[in-house]
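Structure record follows, encoded as structure tokens.
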Amino acid sequence: MFDTIHEECGVFGIYTRERSDVASSTYFALYALQHRGQESCGIAVNDRGVITCRKDVGLVPEVFHKDTLTQLGQGTMAIGHCRYSTTGSSSPINAQPLVVRHCKGPLALAHNGNLVNAQELRQQLELNGAIFHTTNDSEVISYIITRERLLSPSIEEAVAKAMYTIKGAYSLVIMSPQKLMAVRDPHGFRPLCIGRLPDDGGYVFASESCALDTLGVEFVRDVEPGEIVIADENGLRSIRTHCGGPSSICVFEYVYFARPDSVIEGVSVHEARQRAGRLLYRENPQEADVVIGVPDSGLDAALGYAKESGIPYGVGFIKNRYIGRTFIQPTQGQREDAVRIKLNVIKETVQGKRVVMVDDSIVRGTTCARIVRLLREAGAKEVHFAVTCPPFINPCYFGTDIDSREHLIACRMSIPEIAKQIDVDSLTYLSVEGVRSIAKGAHCGFCTGCFTGEYPVEVPDEMPKSKFEHKIEKKPR
Amino acid sequence: MFDTIHEECGVFGIYTRERSDVASSTYFALYALQHRGQESCGIAVNDRGVITCRKDVGLVPEVFHKDTLTQLGQGTMAIGHCRYSTTGSSSPINAQPLVVRHCKGPLALAHNGNLVNAQELRQQLELNGAIFHTTNDSEVISYIITRERLLSPSIEEAVAKAMYTIKGAYSLVIMSPQKLMAVRDPHGFRPLCIGRLPDDGGYVFASESCALDTLGVEFVRDVEPGEIVIADENGLRSIRTHCGGPSSICVFEYVYFARPDSVIEGVSVHEARQRAGRLLYRENPQEADVVIGVPDSGLDAALGYAKESGIPYGVGFIKNRYIGRTFIQPTQGQREDAVRIKLNVIKETVQGKRVVMVDDSIVRGTTCARIVRLLREAGAKEVHFAVTCPPFINPCYFGTDIDSREHLIACRMSIPEIAKQIDVDSLTYLSVEGVRSIAKGAHCGFCTGCFTGEYPVEVPDEMPKSKFEHKIEKKPR
Amino acid sequence: MFDTIHEECGVFGIYTRERSDVASSTYFALYALQHRGQESCGIAVNDRGVITCRKDVGLVPEVFHKDTLTQLGQGTMAIGHCRYSTTGSSSPINAQPLVVRHCKGPLALAHNGNLVNAQELRQQLELNGAIFHTTNDSEVISYIITRERLLSPSIEEAVAKAMYTIKGAYSLVIMSPQKLMAVRDPHGFRPLCIGRLPDDGGYVFASESCALDTLGVEFVRDVEPGEIVIADENGLRSIRTHCGGPSSICVFEYVYFARPDSVIEGVSVHEARQRAGRLLYRENPQEADVVIGVPDSGLDAALGYAKESGIPYGVGFIKNRYIGRTFIQPTQGQREDAVRIKLNVIKETVQGKRVVMVDDSIVRGTTCARIVRLLREAGAKEVHFAVTCPPFINPCYFGTDIDSREHLIACRMSIPEIAKQIDVDSLTYLSVEGVRSIAKGAHCGFCTGCFTGEYPVEVPDEMPKSKFEHKIEKKPR
Amino acid sequence: MFDTIHEECGVFGIYTRERSDVASSTYFALYALQHRGQESCGIAVNDRGVITCRKDVGLVPEVFHKDTLTQLGQGTMAIGHCRYSTTGSSSPINAQPLVVRHCKGPLALAHNGNLVNAQELRQQLELNGAIFHTTNDSEVISYIITRERLLSPSIEEAVAKAMYTIKGAYSLVIMSPQKLMAVRDPHGFRPLCIGRLPDDGGYVFASESCALDTLGVEFVRDVEPGEIVIADENGLRSIRTHCGGPSSICVFEYVYFARPDSVIEGVSVHEARQRAGRLLYRENPQEADVVIGVPDSGLDAALGYAKESGIPYGVGFIKNRYIGRTFIQPTQGQREDAVRIKLNVIKETVQGKRVVMVDDSIVRGTTCARIVRLLREAGAKEVHFAVTCPPFINPCYFGTDIDSREHLIACRMSIPEIAKQIDVDSLTYLSVEGVRSIAKGAHCGFCTGCFTGEYPVEVPDEMPKSKFEHKIEKKPR
């Protein structure tokens, strides 16, 4: 809502032994994953090999109604997707799942992540006569899988071969007439986990474990980086050809993207955020009268900060729960101001006090400046701003919208300058070492490229992928 | 969302010296009051005596779009209303503000509360030839004011006279061609406050102060019980004929209805809730490992409980922020369950622990039983349920939907029976004395009729008002 | 679609012996009456005395969907209404049926027509404490009936007494808990007829007989001017207290308003229009090569003209059947032109020919000027315009929107001047005598006030009713 | 609306020299072509090489609103499409124009017709790694053009080469970054014409000339069978490599599909239909008292029949103009009947008379049986049914939905049997010779395959294309 970083997608898949209401289960799961993408969503149902898909621009409750779910009908498999888009345009063409027909029948695919060599692959494919309907990586991936499928005995082997070609971040669910697959790139940039249906003997795959909890589905384990997991009539099996390399899950999943009730790579997101708060205090102990969090994602860390420091935890802000996408922004000339409408200070908490305010990140710095002003107006004596990650100074190539340096305040200013700009008495960021240790005990390594500029895979020289992608959507050669 | 008590309405009014975008200001204010009523809403704008109204079933962002706000246009006054309705039917006829034309021109009126003698007045009016379009008290009030207006030199004197006739709970904003009025019943059952526009010299009236904060409007004071406040070209003035009696604001405004960032009768709602938590512990100290609140309204009290007891405060639940009115409920046959979809436990917080769970009330007891089950599934060793008010055992006649004993679990069971039914290790309610002291320092007394059966005004012998009202809507003589 | 006169309403009622799907029957009937009003529509269903109503701005298919019809449910009675409004504003408040509750229970009412003393009655009522929600005559009528009902033993007697007070044009259907009534003013300005359900023993009332045909319902007879027809468990009966005076149905019902397949007062509308064409030729024989009609209402008369004259009938225009209310009008700057988009000439019919073009009326003269231009562009050698009624030079007080002289071209120009203005070689209007004889054989007399200024009842001195009404809607005292 | 044959599509394109509101012009043109397809529609705008597209399921006024047109914005080129679909499912995926990106940039394409070798081409392409998003021929055509484009110096040469591969019926508009093209298959199965913008020096292409009239655009000529017409900054030019063979426009375009005000291959559709009526009488003179047409497409022929026979022409039916796609069909149990709701007899026209009823075709025979019953109920003494084409006994492979013999009554019954089944006193079809001469003077030959089984191009052995296509959409290999 405020100027934050956005994740691009959430994916889900379900395989049941008996024909059942898989569309509804996917609907409920997408609700649980809605925080990962609010621009468009879709569900594709597989009923005895026939795939029916419904997708559009909008939130889950906007795209799906009772009758649309009924039309999707029953089946033994379904996949779902929700998507955030960096462009304001509301084009339904880029909604997923992507459903295509290739030489061996229909294929449905949902993707979370970002390829680093998508442009290169597109050009190769175009020179071989390919046509593209979308600007999604999903379409590139579908082509690569299709090309391999011509020569492979099975869809899973085609996928395994395709993984030698596609590079970057991808957590995929893929549905063929008979099989449901979950695929995670060898670095495991984005999360993906497996659940087991209590009675049916079926399985689900989801970006986050909170989707499993929503369905009352038992958590089995994470899909391993590089692993292909196949669910079909024979149960669950894996292809691990691409497993075993160094892994690097996006640390920002813990800091901000994931829901606090999810557990990723063995670590509770809520716990990781509390730990981030604790570390912030340990790295930079600050005297104060109250610790508050900026809702919603700063709250857990504020609690950790309070526990570590012994400073009382307080409720500093109330967020209006009804402000949504259709909210009409106040214009310049109006008395009202968007931040004030969305967020209100509880004066009693901060008045006359030295306040530590905890939040997950600073992107442009405009919103947090206005939040600080609200605190000052409410009578806060001092405002100390503690941020649960290091400054963003590099673009992300792996599926978020930190796509350019120009909007990042930390690229233009030093920390003292930022503190002055947003009018805080002190500003502390968590160190890179600190952020690396918030998910201590995780089964994998971390990508911290946006902080350090060191990326686990080679990235394009030119400009960030997602930025470039939108350009080509608009400009023909 | 869960089986809780509902408030019936929120009201707002704005008077500006210069013609301005009063429709937009009302729109933003209704957003801040949306928690008081989600069934329907409306805005009436007064432009040089011409009143234009737009109202319908739906949330603020569903009823109002950029073009509808533009159509309402500019003006010097506007009033707004949001309404909760106890019936499932979505009839736009009962939406407010009510705009009528009487002998002296148009009149717009928005009402929060419930009259105890509405039936009696309706019958009297009908015997004099009145016809009713709605089942709202607003229409009864309009008739009574109109009848007095025939003999009164001004609208405010007509209102003052009408107050001798209408009995019960009412916080009103009334707009005539030249004047905006705020009226609060002599007991002050529902809140209503006054704000001053920073530059314009104009005024606003609102059910809660959070609407003032949203607009950046300075809080002046509460409207006194029994007071009529008039804003017109001469500024602000009052009629206090009905002031001075014993007052009795609904204590449940502090417990649950109001937004925590509002200040009512001088007391912060957030503070009152924290105090409720503290008192709960003081009245019944419970040993435990963690204190958690049920979102959203149990969180403040849980924090108070934790502070008073020294038991660590934890985040026990994550509430899905995207589940709204259009959410398709899972059916009986489905694997999924509505509570689980809306609320997820953070296992790390409760696993292996003795948990104190704090919430604002128990109505039917069905939802809290399922929430307790979630905690047990997540491995809580003990669950102690602390409720921030006494048991509901009497109907409310003053504008909430506690309209009948049949659904109230506390009317059918003893506290130990309820504890058993919802499967908690202990169950404690705040005492009546306790709930009376949560808003200590408030400028007025309290109504605790739903707990004690002692009402500040005489109530009908027969069945509760709101229940009866719906009957008459359906059954002709 | 083009600048024509508009009827204000269509009404319908159904009474069945057995509980049945009366909402659907009303829905289909409103489709048949949709030409009488496209601004808003509504249906009120009576199920064992409980009246449920649904109404809104929009066409029948826009307001009613499968689920809205289902919600209205089954019943033994229903009434329906469709309405044309002269104002552009789309306020649902004036939609009908009007459903109110008075001293003896609920009452639903749908009205076609216009009272001449509505203002006077409103003022009287207001001075007695009445409040008005709408600017409809229906609300005035409801008050008058309610006032009489206080002293009358039955609703039908109250209606009979009310008819001494209300003056002007009204065709009403009224639904009380036990009875359905059809009421026509003593002059019978607007049509209203009775049908008998084939099997059930029930009855329907409708503005036009085409609604009966749509339902497969047998036509019984017209409601007589001044008659009250009551359908209840005892079958059908009448109150004829107000019958027997001189009648005066609006002749424009035959010329333009009614559907050609309706039969009104014993005369087929289609036949009346053909006769109008025949009379036009007889009064002013014109030599020509082809006779064409302007779709849709000029076609029948053109056929009559052709038959009478022996000049071949041709299809001169094709009207685009898809242009509806949501059509985006081309702006001034655009190449396109609204008339051209809606209407296209069949060049082969008119090229090089002397053309007689027949239409029902000229109001402002702007549209017909553009239609004539289309004919000239298509190569018509001569264009002779024959109009099936006399020039409009007076306002109508009885339910159409000829509300002021200022827009009527015939008030500003002589016939030769109009001919020159719209660029036709000749222009002939049907004579007043002629128009009076198009429905020869009808059971009643005619109102031709808009042509002659002689009205069957006394009309207000001041400005036309409908115009005035919109003023008061906007301007308070 | 009744059980008739459906055309599959209408196409439109516009090229302007100056940047202008091409989206609006296309919007108005699609209104004129709406009769050719009501299932979905779309517009793609080209602004300096950037193509923006909007398409969805629904009629033109449902898909396009003021804001959607504004979003499409200005440009120098646009293409539009409206589509009829034989399946009930409302999948937006098959809406056109198709916009893809290939090796040389973006390409937009709109198609009317049907390829006979689409399946074969799809399979070839799939074996080369192609993936398909839709079941449209447009996607096949795009691939073929793309494949040729890799080796061709220009898009128009790629199109010319592709025409050696694609076989069957196609009228295309194709938009590249710099060029707008109109392409018609060598047989010219579907119409396509060229217009010149009055002032701008630009051009338009449209399925029918009525779209040109709507825009006030001058008709230039038809695109020749086999011709590629290119509009770009150098004006208009042609590639005629595929011209000159025998042509065979679908004769049913004259009988039913096209709008009567269109002129196709030099012949007015209205005139052709009148001639069909004349020929019907000449082939089978029938004594009668009145000739009536079934609205809308039977009216012109009825007029021709009347003129030829000297029997008076009458208006037999009134069609309800408000019944649209969202009309709720009466269910079996209801009193009402869909045909009666849509069509009403003018009793005065037919009562006691021998009636000749003219319509364009008989498909299943169910609707016309009910229409005949309406006439009998209205008192027609005799009903003679004259049909303006021969019996359908063969599937169509070229873009209509006569896709299977099973639903065609003429495949199951002899003419006397059909006459008995639909209860007419006589039944006459126009002869094959007759139908071939209705468009006498046309610049091309005719396809009458649906009557004779003799097709101008080789057709697949197996089942009809369109039928098969829907199968594959649902069934994977």
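Just so it is clear, A, B, C and D label the chains in written order, and each chain counts residues from 1 on its own.
We adopt the following convention: a contact is a pair of C-beta atoms (placed from the backbone, for glycine too) under 8 Å apart; a residue touches a chain by one contact, two chains touch by 3 or more.
Since this is a predicted model, take the numbers as computed values, not measurements.
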From chain B, the most remote chain by mean C-alpha position: D
Length of the line joining the C-alpha centres of chain B and chain D, rounded to whole Å: 59
Distance from the mean Cα position of chain D to that of chain A, given in whole angstrom: 47
Chain A-chain B separation of Cα centroids, rounded to whole Å: 37
Pairwise touch network: line, ring, star, complete, or other: ring
Residues of chain A that touch chain B when the two form their complex: 21, 24-25, 27-28, 31-32, 34-35, 59-62, 64-66, 69, 197-198, 210, 213-216, 259-261, 263, 268, 270-271, 296, 299-300, 303, 307, 312-313, 315, 317-318, 320-324, 326-328, 330, 334-337, 340-341, 344-349
Chain B residues touching chain C - in the complex, by the definition given at the top: 49-51, 53, 89, 92-93, 98-107, 126-133, 139, 142-143, 146-147, 150, 177, 472, 474-477
